[in-house]
Each structure stands twice: as C-alpha cells, then as structure tokens.
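Following this line, the structures themselves.
You will see subunit A twice below: alongside subunit B first, and alongside subunit C after that.
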Partner chain A sequence: QEFQFGPCRVEGVALPRLLEAFRTVKETMQIQDNITSVRLLQREVLQDVSDAESCYLVHDLLKFYLSTVFKNYSHKIAEFKMLPSFSTLANNFLFIVSKLQLSMSRLNDSAHRRFLLFKSTFKQLEMETALSKAFGEVDILLTWMGKFYRL
Partner chain B sequence: MKTLLTILAVGSLAAHIAEDSSGLLQHPKFQSSNFENILSWDSGLESIPGTVYSVDYKKYGETQWLAKEGCQEITRKSCNLTMETGDLNEFYYARVTAISAEGLPSTKVTERFNPLRHTTIKPPDVTCIPKMRSIQMIVHPSLTPVHTGDGHQLTLEEIFHDLFYSLELQINDTYQMVNVSPGSRAPIRLCSPPWVRPPHAASPPPDRTWT
Partner chain C sequence: DGVAALPAPQNLSVHSTNMKHLLTWSPVVLPKETVYYSVEYQGEYESLYTSDIWIPSKWCLCTEGPECDVTDDITATVPYSLRVRAILGSQTSAWSILEQPFNRNSTILTPPMIEVSQDGFHLVIELEDLGPQFQFLVAYWRREPDTKEHAKIVRRGGIPVHLETMEPGAPYCVKAQALVNAIGRNSAFSQTKCVEVQGEALPL
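On to the complex of A and B.
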C-alpha cells in the first residue's frame, strides 16, 4: 500500500482507514455546511492534475488542512465528539506531509496556482463557514488522493 | 395603512415559505446499487392526501438547481436520477419540495452524494452448466448505466479494476469458498475495493471482511 504522487512516494498509509475515519463523521460535518453552491476543492483545483504537479499540490493542501483547518476547528471536533476520527486523519496527514517534504526540491507553478484557487475560495467565506466546508470536503480530497494510491 | 398591512402580510408569508414546515416531507436520500441512483423520501407525519412532490438536483459547488423532468408534481415518493448523476467522481445534491393541497411547501435537501463512494454492488448474474464430472459457472459481467465519453457502456469490472468474485460451494453440509478474478476459470468471490460499501450477496459468504 503506497501513494505515488509523481516523483514522491509515501508508504505506510492505509487510505481505506482514512476513508472510514471520515465516513463516521461525514454526516455530522456536511450538515454544518449548507452552502451547496460553493465548493473549495472544485474541478479547476483537482481535475487533470499531472503526476509532476500532484506531489506539490497534495503537499500544499495537506499542510493547509493541518495548519489552518484542523488547528482552528479542533474546538468543534471536541464538541461533536469526533476526536478519534479527527486524530486518525490529522496524524496520517502529518505523516504524509513529512514524507513529501523530503523529496520536494523546487516549486511547481501550476500546482501552486491550483492551491491558490482553493485558498482564495476559502478566504472569501466567513471563517467558521470555511472551516466546516473544508472539513466536510475531506472525502473529495481523499477521493482525489485515491487516484495516486496503489494497493 | 393598507400598505403597512400588505408589508406585514408579505413579511409573514415570506417567513412562512422560508420556514421549513417539515411535517410534509422527511428523509430524502440517494440509494444506489451498481450505479443505479434512486432518490427516495418519506412523507412527513403531517402529510395529507393531495400532497405532490417536485425534484431538483445539481452538482456540489454549482449555483443553479435543475428540475428533474418526469419528477415534477408527482405523488410517488421516489425518482430515478441515474442519468443525472452519472459522473462517478462528481458530488451531487438533490432537493425535494413537497406542496400540500393548500399550497404550503416544504423543502428538504439530501446529503452530499458521490456515486463511486456510495454505490453498493449487486451479486452478478451467473449461468450454471452441470457436466459429467464438473460444473461450469459462467459469471456475466455486470453492466452499469455508466457510459464513457464515446458511448461505451461500462461494466463493474471496468470501473473497479481490482474487483474479484467469490464462489461459495455447498456440498452436503460443507462449504468451500474460493476467489477468482473476472476472466479466469477458477471459482469466484465478490470483493470490491475498500471504499465501496458491502454488497448484497445472494448467499453471503460466512466471513464478510473487506480488505
């Protein structure tokens, strides 16, 4: 079981476990987000990502989830009693980012543009709304990451 | 004075419409097997004869709701949205509006739906050919309603590349379970990728663990 994001390889992460962790909190999370007309991880961010871009993009996205989404949303996580699932996701995202960091040399412009599109959509929303929408889109992120997953 | 009253009336009416009189309608949800995506819902506790339902749908992130043709002002409580939700990697919403005989609406939206994540796999069609000293089991590829851009109709095997089938043989009181991939000749066991929900099995294998 490994991720192969272009030149970047990450072993030891079980994608099914992450999907299951999110599945248990999906309904609770996505109910918080009633703005169905705005999507952070939109097609222009994730569609037709080349192998070369994929390592940079997944690195930027996971780092943002760790440093902004998970960090600022932990109070809600506790409130909704979702700590086990949250920990599984956060710890695995941390592990993946650490592995990616080792093999990344320089910036990839097109990957960075995709990430900036995601980030600008996030910034246009009120903070709490943006946080719950981003957390509710973890299944979209994992579905995309699944394209680079090898059993 | 008349104007004031009008404003008050409109205000309360608007508030009423916006308020979800949830007595008419509940639990709109997608049910999907082999990518046949059916929207269904229940009538509410206060539902009364003469209530009709209308269905809209859209992709997550889009502003415009689209009316589902054939499911406008219907009395039944289900609607086939297979064709409208055919992109396996897309995320969809559907919305049901119930309108009572007095014209009061109630609207409910489904959970976010992703065909690839939510569909369950039905057991395959199997032809059994008994021979002198053996039995030949032919498992037919399960066609799905999903088509590629050039119109090719996909089978489950083409969607889930690592799908394999499980054949359970019952000889007197003993069971034998064997796995095989599509196209090979050994016996078969139905297993799907980890993110697909467990299927309904005609004769469920004793040990239903998924990798």
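On to the complex of A and C.
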C-alpha cells in the first residue's frame, strides 16, 4: 500500500484507516457546517490534477490542514470527544508531509494556483465557519488522495 | 494537598514486538491499597501543534496492572509521547512521562512461524496470523542441483495457501519472512521446512 503522487512516493500509510477515522467523526462534524453553498475543495482545485502537480498540491493542502485547520479546530474536536480519530488523521497527515518534502524540488505554479484558490475561499469565510467547513471536507480530500493510492 | 502524597509511577518503557506495543512501569506499592493507573498519549502532531492536548489511552483509562497495551493508540509511524499517573480513590499522582518518545518503526519483528504440509501432491503453507498490518514473502524451491527459488506474497496469515504441485523424487523446501508496510520493514526469514511427496510422478 502506497501513495504515488507523481514523482513523490509515500509508503506506510493505510488510506482505509484514515477514511475509517474520518467516518467516525464525519456526522458530528459535518452538522457544524451549515453553509452548503460554498465548497473549499471545489472542482477547480481538485479536478484534472496532473501527476506532476499532485505532489505539490497535496503537500500544500495537508500542511494547511495541519497548521491551520486542525490546529485551530482541536478544541472543538476535544469538546466532542473525538480526539483519537482526529489524532490518527493528523499524525498520518504529518507523516505524509514529512515524506513528500524529501522528494520535492521546485515550486509547481499550477499546483500553487489551485492551492491559492482553496485558501482564498477559506479566508473569505468567518474563521469558525471556515474551520468546520474545511474539516467537514476531509473526506473529499481523502477521496481525491485515493486516486494516487496503490494497494 | 493529598495530590503530591501519591508517588508517581517510575521506570516507564515500551516493549514492542510484531507491532504490538506494551507500555510498562514500576507499580506504586501501598500496603493494603489497590492503586490504579491512567495512561494518556500524544502523537508528534499534538506535541508540535497542540501540546496541551493529551489523549486518554483506549484501554487504560483506569487500569490495575502496571502495564497498558497502547497498540490501538499508536496509529501513525511518528514519535508518540506517553504518560502515566497513579490513582488512589480521589488522589492522583503527578504524571510520569516516557523518557524517549516511541515510534512504532522500532518494533521487533520476529521470523514468522510456518506450517508446511502436503495435500496429496500439493505443497501447502500456513503462516502465523500476526494481524492486518502483516504480509509475508514466501520462498520455496525443489531441493536439487541448479534449482530455482520461487517467491510468493501472502497477504494474510492464519489460512492455508497452496504454493505448488509437487513431483516425487526430491523434497520441496519453504521459508518465509514477515513484511510490515506501515513501517517499511521486514523480519528475518523463518526456519526452512521441507516435505517430500512419495509415489509415482504424475502422468503428463
């Protein structure tokens, strides 16, 4: 089982385990997201991502989730007593990012534009709303990552 | 200020074999008292980004023995911090923290136990069931000069797997090693085991 994001290979993460971890928090978390007209991981961010772009895009997205979404949402997670599943996601994202960095050489402009689109949509929302929406979209992120996953 | 009166557990360490991780510590001994313990963990993420958050261990919220199976808590190949405190009635001790964070990639991988048998002319192996994180590389060959070694990946232990249809006249030998994708490591090979089928060769 491994991810192959274009030039970047990551072994040692079981995607089904991450999907299962998110499934246990999904229902509770997605109730918090009441703005259904906005989507952060929209079509222009994730559709038709080339292999060459994929490593840079997943790196930027996961780093943003780690440093902004998860970091600022952990109090809510603790409140809902969902820390174990959250910890599984966060620590595996951290592991993936650490492995990606080893293979990345220079910036990929089109991947960066996709990430900036995601980030600007996020910034347009009020912080708590943006956090719950971003967290609720982890399954969209994992499903997209699944396209680069080999059993 | 009874809290400080209860001594904290000492000598924390993790014993990990085949991806089963057991946290142990020296018990707090008080005459005629039963002391309980509570275990919590933090992955690398928590220690980097939310260091005030510790997560109660799945199986050791309040446990009697001076040990805790933290296998289900360790769900990524990153360093984990672990801590334990003693509980006696309403009293709790200070936390004792594992000196070195534990990473599951340090687990000891033992050569798998194998059972090699023959079902008629069929060479069959059954491997030790070590859990979902384990696959196995099985090597097998016909023991004769210039023989060629074959290899097969077996995805799970605990079930018989057909390797080859044998021919009389020479033994067939098998060995296996465990592969753990989550940590990118494998065990040493097991002992080699051989079987030989008697009788006439199969008609062509």
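Structural remarks
Basically, the second predicted complex is superposed on the first by the 151 of 151 C-alpha atoms of A that agree within 3 Å, B and C clash if a C-alpha of one lies under 4 Å from a C-alpha of the other, contacts with A are read in each partner's own complex, and residues count from 1 in each chain.
Everything that follows uses one rule, which is that contacts are C-beta pairs under 8 Å (C-beta built on N, C-alpha and C of every residue); 3 or more make two chains touch, one makes a residue touch a chain.
The structure presented is a predicted model; accordingly, all values stated were derived computationally and were not measured.
Once the two complexes are overlaid through subunit A, subunit B and subunit C fit side by side, free of any clash as defined at the top of the document.
Once the two complexes are laid over each other on the shared chain, residue contacts for A:Arg39 go to subunit B alone; subunit C is not touched.
In the superposition on chain A, A:Leu117 contacts neither subunit B nor subunit C. Counting the residues of subunit A that each partner touches, subunit B and subunit C differ, and the larger count belongs to C. Legend: residue contacts after superposition of the two complexes on their common chain; A:Gly146 is shown touching subunit B, with no touch to subunit C. Put simply, the three-chain overlay gives an angle of 90° at subunit A, taking C-alpha centres for subunit B and subunit C and rounding to the nearest 10. Once chain A of one complex is fitted onto chain A of the other, the partner contacts of A:Phe70 are limited to subunit C, with no touch recorded for subunit B. Once the two complexes are overlaid on the shared chain, A:Leu125 sits clear of subunit B and of subunit C alike. Within the superposed three-chain model, A:Ser87 lies in touch with subunit C and out of touch with subunit B [touch as defined at top]. Of the two partner chains, subunit C is the only one touched by A:Phe95; subunit B is not.
The superposed three-chain arrangement places the nearest Cα atoms of subunit B and subunit C 8 Å from each other. Judged by the document's definition of touching, no subunit A residue lies at the interface with subunit B and also at the interface with subunit C. Those residues of subunit B that touch subunit A in the shared complex are 58, 60-63, 89, 91, 93, 109, 111-112, 114, 116-117, 162, 193-195, 211.
Interface residues of subunit A, counted against subunit B in their complex, comprise 15-16, 19, 26-27, 30-31, 34, 36-39, 42-43, 136, 139-140, 143, 146, 151.
In the complex of the two chains, the subunit A residues touching subunit C come out as 1-2, 11-14, 17, 21, 66-67, 70-71, 74, 78, 83-84, 87-88, 90-95, 98. Residues 43-46, 48-50, 53, 55, 58, 73, 75-78, 181-184 of subunit C are the ones touching subunit A in the complex.
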